[in-house]
């Protein structure tokens, strides 16, 4: 169902509006509303009247300039609203982003759908020794995974059973839910401006983020690409695929590269024969960890493309029905 | 120019979208974009799927319940974007509302239009003795006003002249502007969610707010009424025209009124013959000022109606042209 | 261990600083730092120089005036920092207050202490029919409670066992924790300004808040009372024990009470013989629910006293040790 | 006057607490309160009990790690409170930082001190052609400065005269002030957490910031250095003197430098004979402006030292008296 509007409207965003994209085994993300576009970022930056006709190349130049120089207020003028379903342990990381508006499904008021997240074999990994708060990049022994899944299933069956029993006894829902596991799916409406969304995506689409929240960030990056493609591109170039260089790292770069201004720009040239080994790098004040991080930044990387796969998109009714079916039947309301 | 959209669209808001409403002698407010409606507040509160068909009466009941009980997060799901032009001293009060997104016209980058606010005769008032930070409710001696206007005009002519001279000498704009008066008009894009807009309106449409900012709040209240009429109505009933009663004031009310529960509701009855004079009220812990405030709350009042006057609405081009003509011609860009 | 400081220092706050107050079966709240006092609210409101010597009665008058009239920015100038341990389902309600600074114990990085919340018999209640998101005010059948506790213990034993097994197999901690129940205790540092703390307390010390979070709010109200007693008192009078009256409720009050200004204040008198039954109240626009709420507001209530019980205060070492002992021993770090 | 406290106390901060440091011709900054220190950042990051005894080198390592990896929440646990006096046009830039708490001197309630900012000869500069919102790095013709000062003085004399006349006629203060120039000094209490202070300093101590606000940021950086020296150092290394490299810039660096992992770290070596001129850099996707920015980043720079000059520090009484003397005498309060 569509209507006529005088508001800025974006065809690529309309195409996915209200469509549900599956994430993990039972979760999803849907873009349910948006306000503004790349053009509105320019309009706000210029505080201009009405909707002029600017060339895309001019808008692109301004959007990139603003992002590069961290003039972020114009990009706060675009707003996106999502409907998301995710495991509670993911919701707990997510909610730390305080600049969004949130309405979560209430387990005090409503019965919880009994859906739980089970990590796939390839995502079930051992603790990383390097990254003390992460996991190794590849899956653990499949046998271990199998046993873990068996244990999870048994414990969840009990927890679900307890929940149904408590609710069946008419125990207050706010109490009945307290032993549901952190893997239980919850859902919310989440509204955020483009600037803060980009901050969220930078942290959560990053390889250091926990895999499960990253899966959501990747889909949302694809949605951003449709709402504001120039802002998305600027984010990839100056945010996601960029890297900061510290005072000491810049000093290191300067010993290896000569920069010279010219009439029409500049020339950068390697300082032939210069090299810095670990000892020399440490003398520049870099810690061992920083040395590894610097080498990492200078290694070739691939730029991801967060294009949405439209073939996975589902209508609201289908998703809503599935969720409803997972609610215990004891509900006599 | 309009387009098709799947987003929630509100006819009464579309009617004024992009139209400029004059405020004070050279200022304006325009609603330039909106996201969501009363129905979206309900949708967020219920975390529901897609767009169902609820009766208006159900939505109204929920919106009122939420506002009465200060469940404010669902109303953060609606967003409004304004283009506003106001004197700098008004902008300085306005900016204290930190929950909005703002892009202000930059006097470092662009030349300032030389437009200044002159209070009308009826708004030019003496200092209030009661309210130490306000003015008396009626205009001062017209003769005094005439002399003030003469002085203002003379000083502004000098300030404008200095500005044009400095800019003509190519002095940095960020310096040229520093002696413009606080009455100079500035402008910005201002985006805010409905919950925080209501907070702004409650403070700034209030009779205790400075007259000049109140003039803006009244127009914006009329815009809110078009975007979300049920939320507007709930705000009038539980916000704007409501009043808090302190612990001591409730105790006073209880000595004067008896409340009794009945099968189908309750009965409230005056306790015949009871009365409290100033001394008795002080014994309840009320200060002299609180006694006057309580009496004020119990006096009949009229509920305002912030209906917009559509006949004053102007197109963006007209307003933009007027603003452009007020920029000094020395600009050689 | 103490030091000399030129900062505003409050003896009553110093007395409890760093002391841990038990809440629920394994949780706690400790005030670990504070900045400013009632006097600093006055200082900020006056933007005054240095620390003058004002009378307490003057400070009290200003603090009460500011709170009554919702001039809240001066009270943002006082800051409190807490260390709190609470069940995850409580943490999930708490974190919705976005204006605080939070550092939570990380289950990705560290092993979780295996402590779970068990509701006591008197707090284990059935679903309320009136308040769709709450529980009845009294405990359910003790037999039901006994069975629930048995179930909880069995399910928790499994969940704890799974966690220890997964961690023992060196599975990534961020995965090992996902089936811990929402009743598991977590902890955080939480820092907030006085204005936003009062907002938190108003919502969470309220009888409509879930009992478990209310237990924390009550202790923190007692801490506020020690840091800023005048602000605490003003909050009780104009916040906690106050009630808003809607436009329609004020109209009802006016039919029952006559307010007359006098030379030295005002006189309030019952309008003899007037009464409004349910039908009459509905004609004023009140819904059935609002009628019950209004009668409730006019019924006598007791003002709570959130005084801390110092005899329960424990030193950090004792609490830290207990928490450490609850961490699974498999940790080989 | 000092007191005993159990709160974390920092000698270097106590030394300047309540001392007023002059900025510009009539302004100042004073640190009036603080909460926490570098150690408290570590404590929050570890959610630890009580105050342990960690080595400075461990705290330093953690503080630097957190800042490098943008784990910023622990640094929100430190809070600083300032009393600042600055021209209104500076205050208008400053207030855009929305994460602070502010109480500004009220021109509605109190009479304004008639102090105006006059740029010195060396700071009075022409508009920059490169940086469209800035000024040239050196002062304009002294003759031009002299004439500007004469004009300013004349206009300000009129504005001050008008203000005194209006106030003398008992015109409401909120109206009397509207023609004061933007160069008029105002003042406020400003409280902010360390993380957001660092964000403010990064933007406002930067050479691209307007000179006048930079003058304040530099003094506040010196105050930060005393409250949290390790955080200050980390900010210099990973914030102030660091630079981001975009996706394209990293690609350029990779063509000039080879990075190889080794057993104990890594070796970085220039790729002999490689060079990129403007055309080659453009092929990497860099705009002309980005090429100049990249060359700039690779040019040697000096790291500033924001050490405070204690000899300029003044007591509150002296500064308060001077401010009081600038208030018009017409005030009959």
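Per-chain residue numbering starts at 1, and chain names A, B, C and D are given in the order in which the chains are listed.
To be clear about the criterion, a residue touches a chain if its C-beta (ideal position, glycine included) is under 8 Å from a C-beta of that chain, and two chains touch if they have at least 3 such contacts.
Values in this document were obtained by computation on a predicted structure and should not be read as measured data.
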Far-end chain from chain C, centres as C-alpha averages: D
Of B-C and A-C, whichever chain pair has more C-beta contact pairs: B-C
Interchain centroid distance [CA atoms averaged], chain A/chain C, Å: 32
Centroid spacing, where centroids are CA-atom means, of chain A and chain B in whole angstrom: 36
Contacts with 2+ other chains: residues of chain C: 73, 96, 102
Contact footprint of chain D on chain C as seen in their complex: 1-9, 14, 17-18, 33-36, 40, 43-45, 47-51, 73-74, 76-77, 79, 81, 83, 101-105, 187-189, 191, 193, 315-317, 319-320, 323
Contact footprint of chain C on chain B as seen in their complex: 61, 64-65, 68, 70, 73, 96, 203, 236-238, 241-250, 252-254, 256-257, 259-262, 264-278, 281-282, 285, 287-295, 297-300, 303
For the chain A and chain C complex, residues of the former touching the latter: 87-89, 91-92, 95-96, 98-99, 102, 106, 108-109, 117, 119, 124-128, 132-136, 140, 144, 148, 151-152, 154-156, 158-159, 162, 165-166, 169-175, 177-183, 210
